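Would you mind keeping the following structure in view while I ask a few things?
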Amino acid sequence: MQIGFIGLGHMGGPMAANLLKAGHALTVFDLSEGALDEARKAGATLAASPCAVAQASDVVITMLPAAAHVKAVYLNEDDGVLAGVRPGVPLIDSSTIDPATARMIGEAARARGNPFADAPVSGGVVGAQAGTLTFMVGADEALFETLRPVFSGMGKNMVRCGETGTGQIAKICNNLLLAISMIGVAEAMKLGESLGIDPGKLASIVNTSTGRCWSSETCNPYPDIVPTAPASRGYTGGFGADLMLKDLGLAVDAARQAKQPVFMGALAQQLYQSMSQQGLGGLDFSGIIKLYGKG
Amino acid sequence: MQIGFIGLGHMGGPMAANLLKAGHALTVFDLSEGALDEARKAGATLAASPCAVAQASDVVITMLPAAAHVKAVYLNEDDGVLAGVRPGVPLIDSSTIDPATARMIGEAARARGNPFADAPVSGGVVGAQAGTLTFMVGADEALFETLRPVFSGMGKNMVRCGETGTGQIAKICNNLLLAISMIGVAEAMKLGESLGIDPGKLASIVNTSTGRCWSSETCNPYPDIVPTAPASRGYTGGFGADLMLKDLGLAVDAARQAKQPVFMGALAQQLYQSMSQQGLGGLDFSGIIKLYGKG
Amino acid sequence: MQIGFIGLGHMGGPMAANLLKAGHALTVFDLSEGALDEARKAGATLAASPCAVAQASDVVITMLPAAAHVKAVYLNEDDGVLAGVRPGVPLIDSSTIDPATARMIGEAARARGNPFADAPVSGGVVGAQAGTLTFMVGADEALFETLRPVFSGMGKNMVRCGETGTGQIAKICNNLLLAISMIGVAEAMKLGESLGIDPGKLASIVNTSTGRCWSSETCNPYPDIVPTAPASRGYTGGFGADLMLKDLGLAVDAARQAKQPVFMGALAQQLYQSMSQQGLGGLDFSGIIKLYGKG
Amino acid sequence: MQIGFIGLGHMGGPMAANLLKAGHALTVFDLSEGALDEARKAGATLAASPCAVAQASDVVITMLPAAAHVKAVYLNEDDGVLAGVRPGVPLIDSSTIDPATARMIGEAARARGNPFADAPVSGGVVGAQAGTLTFMVGADEALFETLRPVFSGMGKNMVRCGETGTGQIAKICNNLLLAISMIGVAEAMKLGESLGIDPGKLASIVNTSTGRCWSSETCNPYPDIVPTAPASRGYTGGFGADLMLKDLGLAVDAARQAKQPVFMGALAQQLYQSMSQQGLGGLDFSGIIKLYGKG
């Protein structure tokens, strides 16, 4: 398939590389010369603008840092995707942005005759490189089926969440809960330690009890509980605290627009903001435990 | 075995009944005539005081509402357990109380030559009736092995958490995390609903992703996601919000004494306090979702 | 003076009327026919666009609901203020918006040779009608002095906060604190009532002690403590909860961009969001006390 | 008057000294030899127990660290105040404790024929030394009038808050609000600084606007805004953060017993707990601003 790919950063770069490996032809665009260079060496064709990418492609994927970039890349009158894409060509945005912008882009695309799917991912840079990402997809069923082979080239799981925007909703709701439960595990582990129970013992009890969650079982923030967790290697790798902070911002903002209180979510956001202010935003998000005192 | 049992309430009543069914001889005490009557009919011998229970028993179990009762039952000079128990007889407190009081009682017991285990339970009234409770036990290894047959008569799992007090620590840390993750699930589900994703779809995505936890998988607070969950039967049954509020109080108080901040835990406590103030404290603790607006 | 006024809503309408009363000539623009009609009757000249207002004026004032409107009114290439204003004409934005947008507009204005002041107000609709507003002004000293007579036509106090953007900063920081202290008073009053002290007695003690603040002295949220407070007339009049919610949103967003944690501010935002979700957003912001249970 | 004084610590010591200076005869008790020695040198008569103090006095004042001490000093059967006091002798407890214990002590006293007043103070060690304390008094009117001369020997203001327990209620409600507004000021000042307004300018605007409060005007937590504030001398002197933490604990606990949510109060408690955990509990409570990042 002739695929267009716009946004070759930490996530987009390896995703594009995997599509090439899967045998697709790629036309790409990015603002970074270095990223373009690497893509060219891997076999991609370079284009001069999002518009030019779109003109050359049977499907277009975008992977961008934030909603402002997504709006510009799709909607710019001169050189945006919608200015160049042929009617009927499906468009996929895998950026993590707010659901309202996703819906707005989707409407603009459909107005020009282009199906649109929001398809944010989970799995991080490691998943992008290994081709094991999960795609949370907002698309009608027909489009979802059409896009399966494209997602397959970059990930292992794809789940249809509903109509346009629901991919983003699923992602921010999941990550809201993830942040809250991670902080909950941090508080429980530090409280237990302060009170005098062995942290490993506490973790094993929680993990067979009602407190168990992904953050306690797989990514426990207390060091040396889960050998493969970032906490056991100095909070490196994993899902960066500043990225979690970005997702919490999306969740809390979306909640505001929906007039939906999210007490815990807002507190989580402030705790990650404090972590980031202390210069720890580059650590894995399980490093939030550092706000709760020394070991 | 000749077992003494003090405290025949919602939990203690069925626990005592199961010990009788398991073939043990029971001497019991409670302040409620009704509870005593029922125990007598089930085959227990009544005693006139905790002291009298202790005098007649080879092991004593207590199951009481709060630390004040535990202190009185063990330490009262006239008629407390320690005033009557023979040296060497092991003592088990299955009440949920603060770890400091558990340790204090343990020391008082050992000073008189009696091994002491704190052994709070999880599983609720349903688990107490079905004999499927989990015991979180603070005891040395020898004592833990000695007590196995006693716990077996009332539950399915027993886990040794460490020395005296660690049973209580494990329980309050687990329940602190449980409250936080339950509220996190409530916020994520209500946010998703507000933004327009199908709640069942959102739950299924969360449950295969990093947000998954016991509260999302087994006890989802959104109605009709998990058919067996209290949320699907009007928040009846399950673990009452006022009981969760009690446990959060223990956790936050223990944190205070340890000078350990628990930001999320304190917020959870206030949210449950608000729920209780609104007259909803008798509902299952997943009913906290009602604070987040109508469906 | 020949003044241009854009935005004739609940605030802008009476502000414009007061400028007319003060003897200034006004050219106005608004999207509402009704508002324009009223302005015309009061003696204003109508213009067809922000651009047309600017062309006709020696100073331009804008009073708009949010940053998006401010951007459009100033920057639209066809019909925006900057498209029509003569170089040297000073521009005043009295909307409450984020400091970053204020600075951006200020730079765009200066690039065209126009001095710009951000000058959000406090005092509400009542102050706008009575001509007793306070202006918090971000402008250099020369501009501030130039604009004094304009502000005098609409308000009683004007304070220079620093360079462009600082008017907005002062307003959102003050209102962040105002929201927090109002909720603090609500909690203290309700706690006192629950514990059994006479609320009037408690208020009088607080007001002569270290807890005293504008929210306890002048706008006490407990009914019938301060006869002139909205709480004593069913929480009508005053500063609407939904407006406070908007200002908290600006404060928390600005904090996010500055990576500055605001734990209490974020909690205040969620509490006002909950109030708004319950349909109480039209009440005075002191109505937050209703979240703390019945009297 | 023949006054008994029990508890000669940081507060009680100077209070007793001032009573001596005012010409009263004092019989005193404390556990510290040093404190007793100092009192003896100042002219006090030493007694061997609270009971002995009470036997020798026409009025008894206690100034103790916490409720447990108050209970022991009044209620101990062997050597407590109530074991020795003559009927009719009024009793004053100036400790800061929970209202429920104050009421319980009051009932025990009245049962023996002794009027009882809870009379916690504000003003700190500085006020105790200078004799400028404020007494918040829970007592009926007749008792309040009777005790005026006693309070006058130690302070400048005395306010009757209502019946027994209301003195404590007034104090914890005021200090709950004080903690919240102090943190609110800290957040507003740090946000303003982060966004680029001059902190002194911001403070002056807030202090003439709706954000003004004792914490912004008199004890501003930002350094060098208020020259006489602890913030301008390294957060020394003033009201220690650990003492505020104690009072917040009383407020949040009392709220729990009343099933009264105090969201902000609970968050304030955790923030002070974090401050204390970081080893800063000895600073003035305005030092909470240190949690919000470097200047």
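Here the chain labels run A, B, C and D in written order, and each chain numbers its own residues starting at 1.
Just so it is clear, a residue touches a chain if its C-beta (ideal position, glycine included) is under 8 Å from a C-beta of that chain, and two chains touch if they have at least 3 such contacts.
Worth saying up front: this structure is predicted, and the values here are computed from it rather than measured.
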(message) Under the over-half criterion for shared residue numbers, do copies subunit A and subunit B use the same patch or different patches to meet?
(response) same
(request) Name the chain whose C-alpha centroid is most distant from the C-alpha centroid of subunit D. (result) A
(message) With centres defined as the mean C-alpha position, give me the subunit B-subunit D separation in Å.
(response) 37
(message) Taking the mean of the C-alpha atoms as each chain's centre, how many Å separate subunit A from subunit D?
(response) 52
(message) Can you compute the centre-to-centre distance for subunit A and subunit B, using the mean CA position of each chain? Integer Å is fine.
(response) 39
(request) List, in ascending order, every residue of subunit C touching at least 2 other chains. (result) 255, 259-263, 267, 271, 274, 277, 293
(request) Sort out for me which residues of subunit B touch subunit A in the complex. (result) 99, 122, 134, 136, 157, 159, 161-162, 165-166, 169-170, 172-178, 180-181, 183-185, 187-192, 194-198, 201-202, 204-206, 208-216, 218-219, 251, 254-255, 258-265, 267-268, 271, 292-293
(message) If we count contacts the way the header does, which residues on subunit B are in touch with subunit D in the complex?
(response) 249, 255-256, 259-263, 266-267, 269-271, 273-274, 276-277
